[in-house]
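Mind having a look at this structure? Questions to follow.
Here the chain labels run A, B and C in written order, and each chain numbers its own residues starting at 1.
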Amino acid sequence: MEKTLLELADLVGGVVAGDPGIVIKGLGTLETAREGQITFLANPRYAAKVNDTRASAIVLASGVDSFGLSAIVVENPYLAFAKLLTFFTTRPRSHRGIMPGAIIGEEVAIGEEASIYPGAVVGDRVVIGKRVTLHPNVTLYDDVVLGDDVTLHSGVSVRERCRIGNRVIIHNGTTIGGDGFGYAPDGAAYFKIPQIGIVIIEDDVEIGANAAVDRAALEVTRVGRGTKIDNLVQVGHNCLIGEDCIIVGQAGIAGSTRLGKHVTLGGQVAIAGHLTVGDGAMISGKSGVMSDVAPGEILSGTPAMPHKARLRSAAVFPHLPEMRKSLAKMGIRMARIEKHLDAASNVSITETSPE
Amino acid sequence: MEKTLLELADLVGGVVAGDPGIVIKGLGTLETAREGQITFLANPRYAAKVNDTRASAIVLASGVDSFGLSAIVVENPYLAFAKLLTFFTTRPRSHRGIMPGAIIGEEVAIGEEASIYPGAVVGDRVVIGKRVTLHPNVTLYDDVVLGDDVTLHSGVSVRERCRIGNRVIIHNGTTIGGDGFGYAPDGAAYFKIPQIGIVIIEDDVEIGANAAVDRAALEVTRVGRGTKIDNLVQVGHNCLIGEDCIIVGQAGIAGSTRLGKHVTLGGQVAIAGHLTVGDGAMISGKSGVMSDVAPGEILSGTPAMPHKARLRSAAVFPHLPEMRKSLAKMGIRMARIEKHLDAASNVSITETSPE
Amino acid sequence: MEKTLLELADLVGGVVAGDPGIVIKGLGTLETAREGQITFLANPRYAAKVNDTRASAIVLASGVDSFGLSAIVVENPYLAFAKLLTFFTTRPRSHRGIMPGAIIGEEVAIGEEASIYPGAVVGDRVVIGKRVTLHPNVTLYDDVVLGDDVTLHSGVSVRERCRIGNRVIIHNGTTIGGDGFGYAPDGAAYFKIPQIGIVIIEDDVEIGANAAVDRAALEVTRVGRGTKIDNLVQVGHNCLIGEDCIIVGQAGIAGSTRLGKHVTLGGQVAIAGHLTVGDGAMISGKSGVMSDVAPGEILSGTPAMPHKARLRSAAVFPHLPEMRKSLAKMGIRMARIEKHLDAASNVSITETSPE
């Protein structure tokens, strides 16, 4: 694959500074790119490295020194590089059809150009869109619906009646639609509440490996369009996750909680149940959220509080022992002064001290 | 399926207030129930909504206003509704036998009315009870024993010699009996300690998706009767979990720890190894328990402490920066007073101040 | 299997104290060992139990009272017992070849004495070493390379081009080489960055159940020789984990972080991305590490700080409410004194108090 710098600039919506006719055959980092390849500068911290790269061209932001290299100038070099990386390294998977060893149930509809690998098991009345790939040992329960261009990696399970949108990618071992965790205590033991709802995963969602999105008790657990979920994340039953959220690894969202759009949850975050997290809120890694979060808030800690205030309090935490000692000493000094003044005056300072 | 209100009252152990002959064909929430259906009021906060429901009858507690609706009066409306939901929405799964594509080992005993799906692999000398369902891509290693009415969802693995009781449900991707995490350091590297024990899952346990219960080093890791375990939970080797515990998503219990009966662990809780947690103890979500817990204690935080005291301390945490400043200012004011008094008197206040 | 005490002493590198000719047929704990068996004392806390054991011999450290039992004296009794346990209880798995129901791709090379179970699916151009065991429903994508004596338990997935060293054990459901979590925000949505790197798992690594090690964006995610990883752990893309690390259950390491050698991470630890953790560092369970860690440091808490200092601060935490009250009272007492002194003197103490 070869393209001129001009062609690549068009591809990423940038403009050429330098020679538009340079032929580019691939790409690499500032350190690894070779002659004939293009590289990128996204983080200004590495600006000096541009002078040392062996790349033949570079993607960078307006106003940044290219040290004489021909460049594609764009607003967002990281995004442009991601697009070039996609262009140079990914190819449409050739479709392989239903391979021997795949098991297909009754009344199943399969779109054109599907690839269904050995060991994949498809239940009855399942509907599968176009260009779908089911890797080995994927299990689709009865009445599942998959959109077009869906990729389910090996070991993924999609439970009965759940629905997956277009261009969804789910990595290995993840479960969509396991029963929500719902029991009615009867005083002694726990009575299982049937979980008869479903999960809907909207278009352009990606979910990492070994995650679990539970089906609703009665209605729908929903993951909104474009949301990206990392490995080992739990989404509880009845949750409604908005569009374009980022949920980092090992985070957990308890049942019936709603996330707005563009919410970011750091790794190992926990959100308690029945809460609302507003649009654009960001929760720092390892935080525990016990109450509603307003749109745009940036929180951290357990219980979560505004992130900057949290940093200030956390900075004091190591000083607690010395603060406690200092407070005790202050009490002794204060008592000594009070005693002195009592002795020196005819009214008592101490007898009116508050309890 | 149609039942009179009287028949449903008998089913849930309640009494009818109103017309016992009303015919009920299904159920819904206060908002979604339609004519001919029954609804319920469990949370007094929603009492006013009863007036607006279109349901033909309601399940509620004694003394609660039904706004003229015929009602089933019970002690625990949530439990009664769970029973009605089970009655109206769940059907015994029809058994499908050993389906083509299922692989059964040698000397395997399979009870009547089993359903073993394609892709399920059963090792040698496995014993399977009556009415067991093994979904696709379940793996049972050699010498596993399953009780009656067990449901193992797709991707579940049960390792060699582990034993599962009656009516146990295990959701997709969960591993029972992986090796415990045991190594003897030899100064440089780690020598693996063989994990030759087993796991016993007792009757009526339910375990969520992608959880992991490790086999004991020498003897037994046990999950007690009726205990419910959520997704992505880890139970370490040699743990003994009592009966009727609730262990919420992503919690982890390190090796050789014992939980009593009716213990509740919130989401993402961690319990260190070799501890004892007493009957009825409750640990708040995201807490870390580093020492034994007495029966009935309610703890939170890391390290865990009594929950109410924790809330009080956590409420002070945001004030730490102002407290530290205030303490510093107090020191300055104190020193000024001491200096003043020293100057005004013929004995020094400060020279006897404690270090 | 029978061995004399002398033969067993040679096996573990110890010396006999007592009768070297005693015949030993097995082993057990101090409580469970019977006549003809050998037991061990590793924890001095249990020294008194030696007097009560029914074992015929004991493994213990130099200078420890054997209460008259014949003994093998070693430097590290726990390690010696692990070796004896291995000797008495583990047998080389007999190889079973490629079993019916296993699916093997094109141009696959399989070493001698392999065991490939039904439901295992091996992609094209995969290379498999000698004495490898692939349990049921394992999936190897195209171009995977496995060393000798590798054991992959049921449900394990190894993604395209990833490489696994010799004697590696991976427990059930774990994913090696899922896509790293990398997206370029374009202002509205997120653009997926292709993850075209691989994972390399070096020799003698063991990984627990339902863990996830992500493939690098461009180059390599590496887990160093001898490292042991517990269940449900996440290793992010581009991470470089050193040799002989211990990573306990549910820990998570964000992308591009480097761990040195002999690093220990407790359960549920989180390490932020792009950090360096030095050789021999230890991070307590449930801690959150937000900055680089020097070699040998022992940290705990979130944000992590030196462990002993953390314990001291944590011990003050429950006293925060009383400290705050005490500080408030101190302010009142101080103000009263200042007022008193102002009244008694012709210069004001208070008017010069700092803000």
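Going forward, contacts are C-beta pairs under 8 Å (C-beta built on N, C-alpha and C of every residue); 3 or more make two chains touch, one makes a residue touch a chain.
Keep in mind the model is a prediction, meaning the values are calculated, not measured.
At the interface between chain A and chain C, under half of the residue numbers involved are used by both copies, so each side presents largely different positions. On superposing C-alpha atoms, the copy chain B sits rotated by 120° relative to chain C, to the nearest 5. Measuring from the averaged C-alpha position of chain A to that of chain C gives a distance of 25 Å. Shown for chain B are the residues in touch with two or more other chains, namely 119, 137, 155, 173, 210, 232, 250, 268, 301, 317, 319-320, 323, 327, 330, 334, 337, 341. Within the complex formed with chain A, the residues of chain C that make contact are 103, 119, 121, 137, 139, 141, 155, 157, 159, 173-175, 178-179, 181, 183-194, 196, 210-212, 214, 218, 232, 234, 236, 250, 252, 254, 268, 270, 272, 288, 301-303, 305, 309, 312-313, 315-317, 319-320, 323, 326-327, 329-330, 332-334, 336-337, 340-341, 344.
For chain B in complex with chain A, the residues that touch the partner chain are 29, 32, 76, 78-79, 81-83, 85-86, 89-90, 101, 117-119, 135-137, 153-155, 169, 171-173, 204, 206, 208-210, 226, 228, 230-232, 244, 246, 248-250, 267-268, 285-286, 301, 314, 317-321, 323-324, 327, 330-331, 334, 337-338, 341, 345, 349, 352-354.
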